[in-house]
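Just below is one structure, and these are the notes that go with it.
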Amino acid sequence: MALDDKQQYQTRQFKVVGTRVKRPDGVDKVTGKARFGADMSAPGMLIAHVLRSPHAHARIKSIDTSAAEALPGVHGVVTRADFSEITDDDFTADILDNCMAGDKALYDGHAVAAVAANSVAVAKRALKLIKVDYEVLPHVTDVDAAMEDGAPVLHDGRANETVPEGMSPNVLARYEFGHGDIEAGLAKADRVIERTYKTEATHQGYIEPHACLASMGPDGQADLWCCTQGHYMVRNTCAAIMGMEQGQLRVTASEIGGGFGGKTTVFLEPVALALSRKTSRPVKMVMSRSEVLRATGPTASSSIDVRIGMTKDGQITAAFAELRYQGGAYPGSPVEFGSMSAFAPYDLENVKTVGWDVVTNRPKQAAYRAPGAPMAAYAVESAIDELAKGFGLDPLAVRLKNAAREGTKASYGPTFPAIGLEATLRAAKDHPHWAAPLGENQGRGVACGFWFNFGGDTCVTLNITPDGTVTVSEGNPDIGGSRASMSMMAAEELGIPYEQVRTIVADTGSLGQNEVTDGSRVTFAVGLATIESARAAKREMCKRAAMVWGIEEDAVKWEDGAAHPAGENAGKHPPMTLKEIAAVASNTGGPIAGHHEANPEGAGVSFATHMVDTEVDPETGAVKILRYTVFQDAGKAVHPDYVEGQFQGGAVQGIGWALNEEYIYGDDGILQNAGFLDYRIPVASDLPMIDTVILEIPNPGHPYGVRGVGETSIVPPLAAVANSVSEAAGVRLTQLPMSPPKVLSALHSK
Amino acid sequence: MSKIHITTSVNGDPTEFLCEADETLLDALRDRLGMTGAKEGCGTGDCGACSVTVDGRLVCSCLMLGAEAEGREIGTIEGMAEGDQLHPLQRKFIEHAALQCGICTPGLLVAAKSLLEKHPDPTEEEARYWLAGNLCRCTGYDKIIRAVMDAAQEMREAS
Amino acid sequence: MQYLAPTTVEEAVSALAAHSGDCRLLAGGTDLLVRMRSDMADPDAVIDLKRIDALRQINPEDGGWRVGAAVSGAEMGEHEGLVADWPGVVEATNLIGSTQVQGRCTMAGNLCNASPAADSVPAMVAAGAVARVVGPDGTRVVPVEEIPTGPGTTSLAKGELIDAIILPERGARSSDAYLRFIPRTEMDIAVVGCAVSLTLDEDGTCTAARVSLGAVAPTVLLVPEAADALIGTKVDDTALDALAAACSAAAKPIDDKRGTVDFRVHVAGVLAKRAAKIAKKRAGGAA
Amino acid sequence: MVQVKIWGSLAAMTDDQTEVKIDAATLRELLDGLAGKYPGLRPQLDRGVSVAIDGRIYNDSWFTPIKPDSEVVLLARLKGG
């Protein structure tokens, strides 16, 4: 049969891909029927709540749960003693320790015990009866302070082999990337600037708090319902923590109310399973917003030194950055991605980054949209902007002059294939936004950003129903419209209308392993597997048609939703449509399905350029976003509305990070703003419309040219807003967030 | 602790429930009545995901006791469509892709409906301020505002 | 917890006086329920005031307005007479929280919550509003600024409640304005708030003024020196500079998660100028 | 033999070289070869790496072919949000 199975991109005319169809989960979500994490109940269900450390750092000398256990209505209490220790896997051991503290509480909000009871009121009363004897220890929450000699130490002996002797035990890893000779490059510059930038930790801020419902029986089988970006990850992690076989734990992903990386690990799920195991009852857990902010995973805070040399015509001669990220109380801040991505948009002869992973008494960081990249881009793009403006050069022209393109040796090592940075910069330069006049106290900022994207384990099963419609089962929670995209790609490949395909997210018992919905991978990797599943189904359908016609299989081709006799048989039989083949499936060998299991590699990297106008109130330091335009390469926009949505959502999260969002710790190490009142995410009235320009530079590694789009959009805005505000204020801002007191203080220091 | 018996109306249906004195209307709707369309995003009136109307007035159901519902008329997202006819706002939210994850959508729709009942021809700025108490983390609000403005226009033309 | 829903003020007062435990009044509930949710309050009883019809009304009184303790911000904003007389008080109340919160929150509740950053309180203070306090020993009338005694504490005696806020008669060429500074455009607690109420004579000279600041001291401040900077002037730039200086001098704020001392001191003056200009314009003064 | 570029902080484990030569025709042979020749790299290889081969990034696929003249770059293991 004449199918091209190569995964390589080919130019083609699309019929469904690229249109703006309605999403399959739309009606459920606008009518309140869609079921999210907290919307599930079970007969005989108990409610569990968590007791959390009121100290930033404390040794847990003892926990007395007897009074709580004796309270009528309480069915079970768990502490760390209810979990087996994990000795052979530091990664999972840290996750367990984060879900339930062991010897020490490492941050304000760290879980120390949990109670399952027959009502919320009883569970909460029981928490007050648990007596924890703490020995309060000195704490540290700032990344630079944690690196100093004599800083309070969280763990001893966790530093890996890359950390030089003599550093604080809080420094756990060192990364170095780059090439060339920095000093030699700097010597050729007409100006070298050295700046230090700081960013505060921000939270993904998904509106749905974590929630789960666990049910485990004495036979060791368990079911778990939860809101997560990856239920296969939840299964594997919980099985490891609970000492279960993965096959005995079935996890069903609820609709997910936002994640942005924050739901790529577990917090409640092992605790709910342990309580269910102990009580033999279903156990439901739902976090409050304050628990979400205190005890789930914000991203890292950072402190970054940048040294860049530039000639007066805008050529960067050398670029160096040293990045210090604290990722909370455990190893794993995303400093390596910050270090790899910091200078990725530029073609540099001499470039070097050094990254330090540091622990502090803060919650264990979790991934947040392009983890580690936005703060690095903020520092680098601020310094480049300052140099360009210092020479009186057009900041877009300077970026174009130094832009990475096909054949550029990336700052993190490899040579770029076809990439879209230049296209985004040219689109920005040609856009009316760039030429629009600015008023008094207004400024315009631009910045570039980069993200890797990746693939990962993926399974898709595509079934042809007896009436000739199509169902697609995939294993990745749909966080921004991916079921629509999968249905579109299946319809495109099969040559049938979008409306005849329905995609569902299957539980962990129904498909093989699937990587988490992260790394902007779903439209790329699951899309690829969907296309391959459809191709497998087409092959089978061509075979069935060949049987009916009594000709050879390879004399049949698939076109426009039907099998056609090809070659010398062309025209000898009328085409058999998908519907007609489905109708005789039982007579030709049984049900028809296609499936594809793979670990697609080769996701294309992606670039964006953002442009923003702001106005600064010179008397109060308040910043208003006046106009915002995103230029980003999407490879191929499968559903343009959702591509635009990713651009807009990422930009606005970045605006929040730049202006008002921050983790505020008191001197006591306690989080001061554990609520949406003072953790200030942007509201509708803070913003203008967010304009978008989609560039399509096909990814050669995907049959339709798709690149991940979800993460890159949060990389440039911190810097773009900072460059804009700095121009409007007439003074350079080097710390995020640029909250009004900071801007006013900078204005007064002019 | 004895529960309080409440007689009320939810989306026009006569409804009774028992609740604790300190239980919020949101918890009563979700846990007593199984109406999980209103969501808890914060529990402190900062996110609007639990928006409902009480005697026609937009409120956060997390900031009201269930006991206060006695004799009131409660309106929730579950009552927004009429049978199989989606409200114009619901249709426009789907058409404009004004939702990504959808957790804030019920609250935004209830709030937007209340806006258009009071201000059938809002400016973009009025819509943005009216909806400022409804947090959305996915969309950056752009497509939400477009959907609301488009629905407003359609509803004006239809009336 | 007990939930009580009296239908008369007398019932409410006797329930409040009779209760031996931690008994809280529920008007809009937009502070009380947050406190309960955050484990900052665990009352034994809650008395809901919204079933008392008299407390849900806005009535004329002595040329001014009596606003019942259970009247919501949204209802105030829909009352044309009140908006015409006291636009600053109404706009301040309408800044409390979201549209949803507006459907519930009340001026009396905002006052009794006794937050130094309460939006409606500076406006009430500048307006010269009084609280009508009802208790076991009868009714008394207390200037609004004497109700809060510090963050979260009030001068109300055991068994007392505020059943109405009374805004005085508004004379000719008089108006008021309230501005607050917040980091976002909505949904934040005031970092600084400032209300200005003033009266002009026929040639535009300020004959009376009251200026009040929020979030710059443990309680909302009435700043007579700031008012003095306006009285006798045409509320011109010189007067406005003096007003700003007086406000900044009166501000005694703290550093916290919402703002710094320097910021609050400076912005108190900035807001005072801006609010005074708005009040002047509303009172019919020349731009 | 393929030339493998490793990142700077691992050079201490490879006699201060940032480019090393390994006899490998697939990704698996490359990883095994690195661990065999430079045991100091093992902890990092156990923690996980990604490998860019001719500009495309691979995480796991052992039998990805590597040509002698391929550009091969070791990267920190990629993850996303």
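First chain written, first letter: the chains are A, B, C and D, and each begins at residue 1.
Following the convention adopted for this analysis, a contact is a pair of C-beta atoms (placed from the backbone, for glycine too) under 8 Å apart; a residue touches a chain by one contact, two chains touch by 3 or more.
Protein names from UniProt, one per chain: A = 4-hydroxybenzoyl-CoA reductase subunit alpha; B = Carbon monoxide dehydrogenase small chain; C = Carbon monoxide dehydrogenase medium chain; D = ThiS family protein.
Model, not experiment: these values are computed from the prediction.
Engineer: Look at the interfaces A-C and B-C and say which one is made up of more C-beta pairs in contact.
Structural biologist: Answer to which pair has more contacts is B-C.
Engineer: Compute the distance, rounded to whole Å, between the mean C-alpha positions of subunit A and subunit C.
Structural biologist: Computed from C-alpha means, the inter-chain centre distance equals 44 Å.
Engineer: Report, in whole Å, the distance between the mean C-alpha point of subunit B and the mean C-alpha point of subunit C.
Structural biologist: 29
Engineer: Using mean CA coordinates as chain centres, what's the subunit A-subunit D distance in Å?
Structural biologist: Computed value for the inter-centroid distance: 25 Å.
Engineer: Go ahead and note the Å separation of the Cα centroids belonging to subunit C and subunit D.
Structural biologist: Computed from C-alpha means, the inter-chain centre distance equals 67 Å.
Engineer: Give me the residues of subunit A that touch two or more other chains.
Structural biologist: 204, 260, 288, 675-677, 682-683, 685
Engineer: Scan subunit B for residues touching two or more other chains and write them down.
Structural biologist: Residue numbers touching two or more other chains: 1, 20, 43-44, 46, 129, 131-134.
Engineer: For subunit D, give me the residues that contact two or more of the other chains.
Structural biologist: Residues: none.
Engineer: Taking all chains into account, which pairs touch?
Structural biologist: All chain pairs meeting the touch criterion are A-B, A-C, A-D, B-C.
Engineer: For the complex, give me every residue of subunit B touching subunit A.
Structural biologist: 1, 20, 30, 34-44, 46-47, 49, 76-78, 80-81, 86, 90, 93-97, 99-106, 109, 125, 127-129, 131-146
Engineer: How about subunit A: which of its residues touch subunit B in the complex?
Structural biologist: Within the complex, subunit A touches subunit B at residues 20, 22-23, 25-27, 29-36, 38-39, 41, 121, 204-209, 255-260, 286, 288-289, 479-481, 639, 641-642, 644-645, 648-649, 651-653, 675-677, 681-685, 687, 689-690.
Engineer: Quick one: which bits of subunit D touch subunit A in the complex? Just the residue numbers, please.
Structural biologist: On the subunit D side, the touching residues are 5, 7-13, 40, 43-44, 47, 50, 52, 54-61, 64, 71, 73-76, 78-81.
Engineer: Give every residue of subunit C touching subunit A within the complex, in rising order.
Structural biologist: 37-38, 181, 183-189, 191, 256-260, 262-263, 266-267, 270
Engineer: Under the definition above, what is the set of subunit A residues touching subunit C in their complex?
Structural biologist: So the residues of subunit A touching subunit C come out as 288, 290, 619-622, 659-660, 664, 672-673, 675-678, 680, 682-683, 685-686, 739-741, 744-745.
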